[in-house]
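One structure is given here, and the rest of the page talks about it.
Chain naming follows the written order as A, B, C, D, E and F, and within any one chain the residues start at number 1.
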Amino acid sequence: MKKLEIIIESVELSKVIKAIEKVGVRGYSLIKDISGMGKHGKSVSTSLVDVNEYNMLVIVDDEVKINQVIEKVKPIIKIYSGIMFLSDAEIISC
Amino acid sequence: MKKLEIIIESVELSKVIKAIEKVGVRGYSLIKDISGMGKHGKSVSTSLVDVNEYNMLVIVDDEVKINQVIEKVKPIIKIYSGIMFLSDAEIISC
Amino acid sequence: MKKLEIIIESVELSKVIKAIEKVGVRGYSLIKDISGMGKHGKSVSTSLVDVNEYNMLVIVDDEVKINQVIEKVKPIIKIYSGIMFLSDAEIISC
Amino acid sequence: MNELIQNGISNLNTPGILFFVLGFVAAVIRSEIKVPDSIVKILSIFLMMAIGFKGGFEISKNGFEGNLIYSIIISFLIGVITPTIVFFTLIKLLKGDVINSGAIAAHYGSVSVVTFITAITFLDRSGIKYDGFMVGMMALMESPAIFVSLLLVNLFKKTYSSETSFFDIGKEALFNGSIVLLFGSLLIGFITGTKGYELTSPFFVHPFQGVLTLFLLEMGMIAGKRIEEFTKVGLKLGLFALLFPIVNGIIGSSIAVMFGIGLGSATLFGVLAASSSYIAAPAAVRLALPEANPSYYITMSLAITFPFNIILGIPLYYSLTSMLQNIIGAL
Amino acid sequence: MNELIQNGISNLNTPGILFFVLGFVAAVIRSEIKVPDSIVKILSIFLMMAIGFKGGFEISKNGFEGNLIYSIIISFLIGVITPTIVFFTLIKLLKGDVINSGAIAAHYGSVSVVTFITAITFLDRSGIKYDGFMVGMMALMESPAIFVSLLLVNLFKKTYSSETSFFDIGKEALFNGSIVLLFGSLLIGFITGTKGYELTSPFFVHPFQGVLTLFLLEMGMIAGKRIEEFTKVGLKLGLFALLFPIVNGIIGSSIAVMFGIGLGSATLFGVLAASSSYIAAPAAVRLALPEANPSYYITMSLAITFPFNIILGIPLYYSLTSMLQNIIGAL
Amino acid sequence: MNELIQNGISNLNTPGILFFVLGFVAAVIRSEIKVPDSIVKILSIFLMMAIGFKGGFEISKNGFEGNLIYSIIISFLIGVITPTIVFFTLIKLLKGDVINSGAIAAHYGSVSVVTFITAITFLDRSGIKYDGFMVGMMALMESPAIFVSLLLVNLFKKTYSSETSFFDIGKEALFNGSIVLLFGSLLIGFITGTKGYELTSPFFVHPFQGVLTLFLLEMGMIAGKRIEEFTKVGLKLGLFALLFPIVNGIIGSSIAVMFGIGLGSATLFGVLAASSSYIAAPAAVRLALPEANPSYYITMSLAITFPFNIILGIPLYYSLTSMLQNIIGAL
């Protein structure tokens, strides 16, 4: 199984979540209020504006699903700001 | 070494932490205020109620310890809500 | 590529970020407001004091860069509190 | 009847109710007024401190005018009777679903602080007196119904999967933050009396109605977001959430009136019986009854019963109590 | 002229402006006064509720004294004319950079709530009357300029990479939280009238100036942190952000004066035209024009134009409006 | 003596102290009243703005009645003498543990804003006058003791592992948020005078005591949670935290009395000397002395000394100052 971490601006978050839900993953988790640095420089968010406020979406699922998510999210990140990390992980079934 | 990420509802958090401490891991980290989607559907927390408010616990330790933690936490997650991810990771010793 | 997660106290955060920027990584992400347990015991932060308030820095980059960051951050963590986790991860290029 | 409608309209025509409606509408049309979680939490703490403090001050000024002992008895009676009736009604309605019936019973047996506060505002505006210790009765009524409901579930269900012991839940229910805060503030208001009141009333008393207004805006948004889950709740439970508060309200008022409690306090007992918990009960139920569906109990309590109570219920319970008083007085 | 300087000094000598300066200085010398995000958000909600509520109350008391229809027309005129002028000026200045010109035009065509509130405070202090419905005009002026700017970008640029449809942006702009909150509060203030006002004024009215002071401290810190990005903005855009508000202010006041609007409200139209958005516009522009540089539009609006307007702009626009009235009155 | 007890009881019998006790008890019995971090932070900012602003206004009204120069000298004397005495006492007590002795000395040499505010409330209630600029003295006393303590550690310890230069710590200490905020507000209160005061007093002044009450509830909970760490601190340091404030208080009052400072301000000097820092000092010490144990200094300062000072210390220091005045006056 694969773990995909998507870092995405708040303004684009709902769009990305919709894309993920369309693919139909088992689940996802959202960590809000991330800041950082990347190709667009340092994120300088202010409490007044949502712009430059980031979030991390974590999805663990089968490789096939994860690849579908990646393809859906790529164009959004390309136009806007953000990044994706891919790694190996297992879900512990309870 | 292994990294275990436990996503667990706030109402169950103290129980899980106690279980982890009983096993006696080197350490753990807690990221609060997670939301997401899973088997129980989308988490719909409100600021008034703790229900449906999630947390991520991160533990990096030897495989043996991590397995002990998994066995302790499994029954809690089974009854309530939550998920665990397992992956490889190393602690950088300073 | 490698993923490095640095858990560091708030008082030391700016120093670590400066060190990372000096190395010149592609980017980093910051998750604030972490608590946990480690060699120094359980973190007992109060809203009044910054002490014992942790943060997680996530950096995904080439192994060489990551190793440079590790060398820079090691002495800071040695004196103060904190820990680093190293694992494998890929950046999805968009 | 005429009076009821007039009271209803006058209740609607207050900033608090209107801001609640505004919040509700804003949430439904997905207009984002982001009230931070931390603010909702502190406003809730403020309202409890203020209402407790004021109640304590009033006791210090007027003494225990009403019958405190009777009121305590009434509180426990309501805390036992209403969840039991709710439980058995739901067992019928949900075809033997013990777990969810118990979960919902815990909510409707327990009470809502903001509904109580809105009722007090209504009484104050109408110039009707009530006992200062009623805020203490509210605090008393928070937990018993939760216990009664869990007990009922235990009696009717053999397999019971929660890992949480009754003892843990008991501790949580007794030392619950809101109970400690309400009783503590009541006590402090009582101890510090007029001096304490004068010192802090520009913070706790004067802006109280305005703070309530802001809180109700947020409650409206929370309820409006929840209402989307209405489909999960279904028509049967939806109607239950709308109509059963009236049954509970009549029960509460009747008991109070039978004990000879005055119009104001008896109305408040009706309101407390009719109100349903959305803070203490969900937390306890989530722990004790993990298989129960949170979408049911939270949505019913927060998105249906709460709005109904503060908008239409309060003037209704007032009129009903007044009628009950006439009837029972005539006996 | 003398009067202008005096007004300027009297404006400077208020707690609000001075706390803004303190916050700015604190941020620049990197002295950390950490105002939590959630507080900034709730204060912003409070200010909008309070200003809307008070406007509504005043209409309920005085009726629509000024010309409401004319005012609505003026609002739309300003919302079309100012972003258009800004757009074409910037196209020149930025050598055909359509995207960034449109992004910035959306900000300078739209309005700033806190600048408006500071202007109202200035007028109140100076004893100058204005229409209660002006807060509604502010709400009306938030979105049109954003649409006009996006339309201009669409006209002048063929490739347009945003995935967000005009429809989505339209919905977002119309049901924007601040618009709903401002109009809703206005309506509630109007409906509940004197009774509602008396109930909630210890929360919404009495502490208003103090809350504004705290908010301006925070605005000062936000602006002070942003000012570091001044180098990214460059001298050309920096000067634009400093001087163009005056052009827009004159346009706004002139239109209002030509329609025969009184001194107070006409000054407010000038202030609204001169003010630039730093909440609604950035959010919409980030979605619709992803290639535009946020460092440009946020820094210009928040760190240059906003401070200029509240410190020097407001008394200036007042004097200009007064002059314009004399000139046009003499025609 | 009789008067001391009476003062003590009257001090106990205030909403602020009682809510502190309530918070403490709630934390100890693990009753969760979750006050969000962001609220604690903004209340702390509010209290500093308000106290500074009010001090500035009073100077603008009354001029510098007391002796400002002497007061500044006293501030520095206390800032040098008290940490030095604490340091050498602890070196004895902790058998040469230079690092922890220095860390704790920095805390007890520096000051606590809320202790100061509680003392002012006590004096106001008792009708005792003090100088408006005393809030400035408090701001002055925040940093020097931290420097002195670090210097002492440097002198007595050769190996010193911190990577943070003295220069960095100096910058942090001088431009510390609370110092900038206190002095800034003082200045603004002074500049805007009666006009500014009237405009903002419904926010900064009227609700002040109520806000303090809420803040003390939270401080009580923070202290109550910390008290679990008492075992880590140990009996020796626990007693030190309880008793040494009295020593420092006497030193502070004595110096002030010897310079001829009036009863109110001299009491405040005693309180400031006795109070220990739990915001500025921990942050600086964590950076400069990483090997020092935060459990020691934070628990001692926050969970032992702070409660002692606000509950028993303040009336005690007042009585002691009054006695010292009689003694020294008689010389």
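Rule of thumb we're sticking to: a residue touches a chain if its C-beta (ideal position, glycine included) is under 8 Å from a C-beta of that chain, and two chains touch if they have at least 3 such contacts.
Fair warning: this is a prediction, and the values are worked out from it, not measured in the lab.
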Touching both chain A and chain B (chains): C
Proportion of interface numbers common to chain D and chain E (over half same, under half different): different
Comparison of E-F and A-E (more C-beta pairs in contact): E-F
Label of the chain whose CA centroid is most distant from the centroid of chain F: A
Distance from the mean Cα position of chain D to that of chain B, given in whole angstrom: 34
Chain centre separation (chain D, chain F; CA means) in Å: 42
Interchain centroid distance [CA atoms averaged], chain A/chain C, Å: 20
Chain F residues counted as touching two or more neighbouring chains: 35-38, 41, 202, 206-207
Sites on chain B at which at least two other chains make contact: 31, 33, 75, 87-88
All touching chain pairs, where touch follows the definition stated at the start: A-B, A-C, A-E, B-C, B-D, C-F, D-E, D-F, E-F
Footprint of chain B on chain D - complex, ascending: 35-38, 40-41, 44, 161-164, 218, 222, 225-226, 229, 278-279, 282-283, 286-287, 290-291, 294-295, 298, 302
Contacting residues of chain D [partner chain F, same complex]: 36-38, 41-42, 45-46, 49, 53, 175-181, 184-185, 187-188, 191-192, 195-196, 199-204, 206-207
Residue numbers on chain C that touch chain B, as the complex places them: 4, 7, 31, 33-39, 54, 56, 70, 74-75, 77-78, 83-88
Of all residues in chain E, those that touch chain F in their complex: 13-15, 18-19, 22, 25-26, 29-39, 202, 206-211, 213-214, 217
Residue numbers on chain A that touch chain B, as the complex places them: 3, 21, 25-33, 60, 87-92, 94
